[in-house]
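Below, chain A partners chain B and then partners chain C, in two separate complexes.
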Partner chain A sequence: MSIVTVQLGQCGNQIGHEVFNAICSDVHDTHGLCSKKENESYRDACKERFFCEEQSEVPVARAVLVDMEPKVISQTLSMAARSGYWKYDDGSHFCQKQGSGNNWANGYSVHGPRHKEVIMNLVQKEAEKCDRLGGFFTIMSMAGGTGSGLGAFVTQCLRDAFPASFLLNHVIWPYGTGEVIVQNYNSVLTLSHLYKSSDALLVHENDVVHKICAQLMNIKQISFRDINQVIAHQLGSVFQPTYTAEGGLHYSRNPLGDLMETLVPHPEFKMLGLRNIPQMPENSLAYSTFSWPGLIKHLRQMLIANAKMEEGIDWQVRPPCLGSSIPSRHSTKKPLHFNTSVANLVILRGKDTHSVDLGSFRDPSLYTSWLNPKDAFHSWKTLRAFNKYEKLASLVSNSQFLLKPLDNVVGKAWNMFASKAYIHQYTKFGIEEEDFLDSFTALEQVISSYTSL
Partner chain B sequence: MLFSIVFFFSDNQIRFVKAALWYYGYDRPELYRLPSDGSAGSRELLLAFSWLLHRISLLEQLLARNRVKTGDETSVCTCEDGLPNSLKGTTEKAPEHGLEGGVDVRYLQWLNGRLRFQWRSLHAQHEEQCKLLHKIHLFTSGSHVDQILGHFSVTETDLVRQPENYKQLLQLLESETMQLEAFLEWKQLEPVYWQWMETVLDNMAEEGNTCESQDARVEGSGLPKVASCCPWADSLTGQIDKLSRDLTTLREQLHKLTTRRKAAWCEKVKTREEELQKEGFSATARKIQESVELKLLDLTYLCAPPQKRMHGSHRLVFRNKHPASKMGFGRSVSKEPVSAVSATEVIRELQMTEASLERELKQLQEECRQRLDEVAEGLDGVICISP
Partner chain C sequence: MTQSVVVQVGQCGNQVGCRFWDLALREHANVNKKGIYDEALSSFFRNVDTRSGGDGPDIYKGKICSLKARALLIDMEEGVVNEILQGPLRDVFDSTQLITDVSGSGNNWAVGHKLYGSQYQENIVEKLRKAAEHCDCLQCFFIIHSMGGGTGSGLGTFVLKLLEDEFPEVYRFVTSVYPSGEDDVITSPYNSVLAMKELNEHADCVLPIENESLFDIVNKIHQMANSGKLGSTVKQNSLVTSSAGSAKTVQEKPFDAMNNILANLLLNLTSSARFEGSLNMDLNEISMNLVPFPRLHYLVSSLTPLYTLADVNVPSRRLDQMFSDAFSRDHQLIQADPKHSLYLACALLVRGNVQVSDLRRNIERLKPSLHFVSWNQEGWKTGLCSVPPVGHSHSLLALANNTCVKPTFIELKDRFMKLYKKKAHLHHYLHVDGMEQSCFSEAISSLSDLIEEYNELDATKGGPRTDPPRLKIAV
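Our next item is the complex of A and B:
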């Protein structure tokens, strides 16, 4: 069951490269902390998922690289090839000779349609190489200019061309104080368009990852490469093979399908957040030991209190008491700052995962009233350790994690829109005020759905 | 020649047998009046068995089910599930929810979404199976002893890869051969069996004449008794009655409607003709013709007798020069491909079905939209934005 990755724009290509790196180095790590047989199944499952081994000595990543300028793509291709462990397919990329300005509308309305056929041909070729197409995984930034506009358009094309496939969008949420002045417009447009075509949006916030780098990874001069590596580590911890059923005999062959089915069956709730614990620099790993109960306790509090990482968790936040009263439809009875979930997925990797007690995540008070924990909570496990972490727990959560950031972005964008600032940049390429209004409406609907959990 | 067969049945088994026979349409009341302790009725059972034997080709069905699989099978049947094997009638219990007064619609949306995703996973698995099957057929082309087939089946390929499994396959083939030989023997002796059954029937007819007066009274109560032992019988009979009533009323309504419509239509045609003389005629005429043809296709397809559609299991055979074709089961492989169906034909039929189902869906969506608009008009301050 193979996933085709579509790397869009500078951000998408750089992150995509780090993701394949992380996955490959994890697979080659002989310290899997498990039996040789287990290691081999893990490796085979991972290879089937991400790489194609047909006619070359080195596994070829199942990916399509798209960008408007050639620099980043050629860098990405050469870095991968130099690693010696894996590479990209030489023909599987598309770029323009010259850049095309930092403009969302330009990407969506002009470059997208112009290059649609070439790009979709590349995707089709990758899809046909798969014996079983497990779906598409796109990586892009939300607020960049041409990259995000083009990315939104490509996502739409993917949905049209593969209506029966799973489609997961990984989006990078920009820094709150980012440099692009119209980043909020771009974000609103990207999100609203993605929401229509995609099955789920998995979000990484730049601010959060930056803090992780600073506080947990102890990096002094944080570069984009550091940020991308943290993101890649977190994504790898979700997408590497696991057993999705209790007592399963084989690694799951349907990672995207399983993810979608457990987290995003409801069409209004598609925003997913990701948390990892523990998170630390590689050279500290050897000196730290953790216990599962401690990790689970922290992870749960991170969920409830909407903490972005394992430091600075607010332990005062408690779940509401579901007394004998009828569960209320409005969340006014819930304490402030409490993060209500629609559904959660916990992924455990490493030593002794079969004996971990996850009962605290099955507490009905964590979830919205119309879903019981049996439907809302799932866990995947494997004894095979990931990336040298002896124990690692990841949480993919469909909850109010992104409610505040979303509200923020929409609010700022609306303020700008009220004074029609910079709108001409969009209208001159065919994105009219009406399209803006549609996007605002769609996102207001999402905000309202999540608020009333 | 009379003899009685003595079996020991449990009460449940007896009820199940009666229910199953009723489902297949066996309406001899004497069988249903048999006591539930299995103490009497071996002759009735014999009659019922013979009836079933003939009615549903019982032995042929059993043989077909026990065939050794080639792994290349596929079904081309597009009928809705009316197979007697799936005895529907069990209703799923709605999941416990703790919410008084019904289920939250968001939970239903959740379940619907899960169903959609599961369907997609199934679809992907199916595509994978097709791809791999194609690979097998392609790579083993020209290797088969049988020139017409030309390539291995899944089972044969598996045998090549894991030769130690030959023992198991041999056992299965031997048992299938034994069954077929037994069936052949049966076929030769079959006329004797039916002759014997005739004598049994004759005997019964004689006895029946003497007891007819008694039976007449009890007969009326035959069906209700059956209904009690068959959980879905009530609903089925009720539905059948309702259907027949609906049919008669519909017929009358239809008649009235058609006469009224014809009159109105003639008026419309006259006025439209005059209009069209002024505008371009050919383009509109073509459009009208196309839509009428579509509608006609829909109707003919809906009324198509079910025999015209294909049923049953077929074996996939890969053809290099011509598109892939399929050969019907149950025929010996001879020089010319027997009852072969080309994949393009099946695809075309499926596409037609898909198109007509889509039209039906659009129609239903339109109706829903109108209904929602009506409801929204009735509510104050509510604007309905339909998707």
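Our next item is the complex of A and C:
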């Protein structure tokens, strides 16, 4: 089954391009570390998922590019074509001239309705090119105007037009110290609207990825391109083909559906976080060896202690003893925050993956009480290595990972809302104070649900 | 890609405007080596086919034939405009986009606004419409004028009002040169306050500029360039005050250096809208992020660096210095110290070889020394444009919505009251048809209200931070 990607706004288009790049370069990689047959199987599954090969020498990405101003899309299209390995469909993009001015209301209430038909036509065309449509993957930022506002509107339209399809939104959480001054307003409006239409929200936080670039990738002068490449690598590690069943004979064909089924058992809990281990610069890969037990141990602790990456993990955090409802606390010097999960998915790629022991992830104390641990944890595997990593483990988690960032954003937005600052910019385009209040209410509900896990 | 139209009014407006067009051509020539008319150029220039003589049709693609500025030149006396039309830029201006008269406005806002306003209204609207028609997607009008005189101040603000009525969807950015204390125009306080009311009500964003600050910067650069420090020679064309490499060959006018600074301000402001970058910042985003309440739309600007030294290797220490300078008092284009006042919002537009990590590092570094209003503690808007200005490897434009504009307004009000109490020179204004005493009282009250709004915000500075209680959800 194929996934149609919708890239929205500057961020969405810049990241989307890196994602297709990463996937394509992985497929052409000869370091697959597995048999030729396996490699071919992997490649075919990947191509079916993301590319269309009909009338072109080069695979054509199954994507629709949308932006309200032309500069980024034209850059993205030309960079892809220049690579020689893949490209975008020349007709699959839509842009306007003026941009959305970082104004969610402009993106949602003005650009959305105005351009709905054209955009949905492009999506329909891509959907029809698929033999079997596996769902939609949208990429957007929350802070700006197009990705966030128009993105929320397009998500709604996708839900209305394809009620039975899976819909996964990839959302970029902006830096805490402003990229855009009204980013908290835009974020609150985006999240509350996406929650209604989307199946799940997969989040990447700019601050976290920035730290990964600085500390793990050793990049001195970090550019947005570096950040986007890390994000693309992490996304690739989730979406490239895997075997979802034990002893499965062929690569899973329904990645989005499988993801939803394993991770989103309840519509109130849709926020997914992503962690990778190991993560390092490409030139260090040849000199590093890892053992699976070591990687799994670290990954589990990253989950429990809500660590953003494999450095600086707090090993003091321990799961609560079963039978007591209070999480165990160490001495009163530091309160320990244990990250409770709804559901987890671990994806293993590379050497010896069939023999990895994941029992520690099935520990019931990691999970909330209302799900059977058997249903709360899943793992997908493949012997085929990804992106030159001999061993790679990814964790997609529906847990309290995003509780604190969400609470922060809502708090700051509420603070600003109380002073009524910038509200006139939104009411100008039809988003009133009641709309804000509705969004705040919806998100407080999500915060409350995750807090009480 | 959007287009902008520049409306330059009065002597100051036209002189600054002239420098702007000259430097804009220089900047595009630097980037556009192939001579193809591209989208970046089209934001400020039309490409006209003049081969058959005179004004031909517009050419939208392909080689550059003849570039015409998207501008409207207005002055009620002919001297300045005539000089422009005889100078090296004469072919850049469309001869039909000029409005001139003979006798000037006599430094009288009422003459500029009421008399010439009504007289030329139709003409102005017609020419504006024509300029707009040549645009595919008109996003912004830039008005350049001074506040202290008669034409720029009076007729300029009349045009501002017209723009709001005729083109309500198009943004109006105004660059206003405020008179200094020792201004030789006695009635400049009247003209400025009367103009302020119009700016309060009809502008989207105002960039106030004070001649004193420009003058100080020019002096600083002279000192630096002439100090002849060993091993450090200043690249001439990198001076923010220089016309080197542009069409103008002789720089004799005293205001040229100062006007170049303003021209660079406008170029940097629009750079992200014209050129590509990893984090674009368009003009509508500037208005959206920097104007939290409709009337508080006065932005204090600063440009760094003022010059580049000839040695190309730029350690990051130099880069960090650029950020620090942007917040220092002597780089601001008005007499103000933003560091000791309250920030409502701040925008940083970086050009050149600077990445997001440099930006973040410097924001983290500078944040503790700045005071932001309680509801906007992270009030930063950032933009990264890959194309640096001519002669530099990188540059920074900082726009601050900060209460440090208040002293400028208070001084203006004081100078106004000094004259008004004695009814000095009032009769010159009241003589003009349509001008009444109430115009004065309304104007001063509008200014007082504005000052009061800033006062209220200042009162919250340094106070205890009490966050409003969050919504409670029934579980």
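Quick note on the criterion: the second predicted complex is superposed on the first by the 437 of 453 C-alpha atoms of A that agree within 3 Å, B and C clash if a C-alpha of one lies under 4 Å from a C-alpha of the other, contacts with A are read in each partner's own complex, and residues count from 1 in each chain.
One rule holds in what follows: a contact is a pair of C-beta atoms (placed from the backbone, for glycine too) under 8 Å apart; a residue touches a chain by one contact, two chains touch by 3 or more.
Keep in mind that what you see is a predicted model, and the values were worked out from it rather than measured.
On the superposed chain A, the positions of chain B and chain C stay apart, so the two partners fit side by side. In the overlay built on the shared chain, the residue A:P59 is in contact with neither chain B nor chain C.
In the superposition on chain A, contact of A:G16 is made with neither chain B nor chain C. In the overlay built on the shared chain, the residue A:S223 is in contact with chain C alone; chain B does not reach it. Of the two partner chains placed by the overlay, only chain B lies in contact with A:L371; chain C stays clear of it.
With both structures placed on the common chain, the touch criterion links A:P267 to chain B but leaves chain C unconnected.
In the superposed model, more residues of chain A are touched by C than by the other of chain B and chain C.
Once the two complexes are laid over each other on the shared chain, residue contacts for A:G178 go to chain C alone; chain B is not touched. Figure note: vertex chain A, arms to chain B and chain C, all at CA centres after fitting on chain A; angle 130 degrees, rounded to a multiple of 10. In the superposition on chain A, A:F440 makes contact with chain C only, not with chain B. Superposition on chain A leaves chain B and chain C with their closest Cα atoms 8 Å from each other. Those residues of chain B lying in contact with chain A across their complex are 97-100, 104, 106-107, 109-114, 116-118, 120-121, 123-125, 127-128, 131-132.
Across the interface of their complex, chain A is touched by residues 1-2, 39, 136-137, 139, 276, 278-280, 282, 284-285, 287-294, 316, 344-345, 355-358, 360, 363-364, 367, 374-382, 384, 467-468, 470-473, 475 of chain C. Contact residues of chain A toward chain C in the complex are 10, 14, 69-72, 75, 97-103, 145, 175-182, 210, 213-214, 219-225, 227, 410-412, 414-416, 418-422, 424-425, 440-441, 444-445, 448, 452.
Chain A contributes residues 1, 131-134, 164-166, 199, 254, 257, 260-261, 264-268, 326-327, 369-372, 375 to its touches with chain B in the complex.
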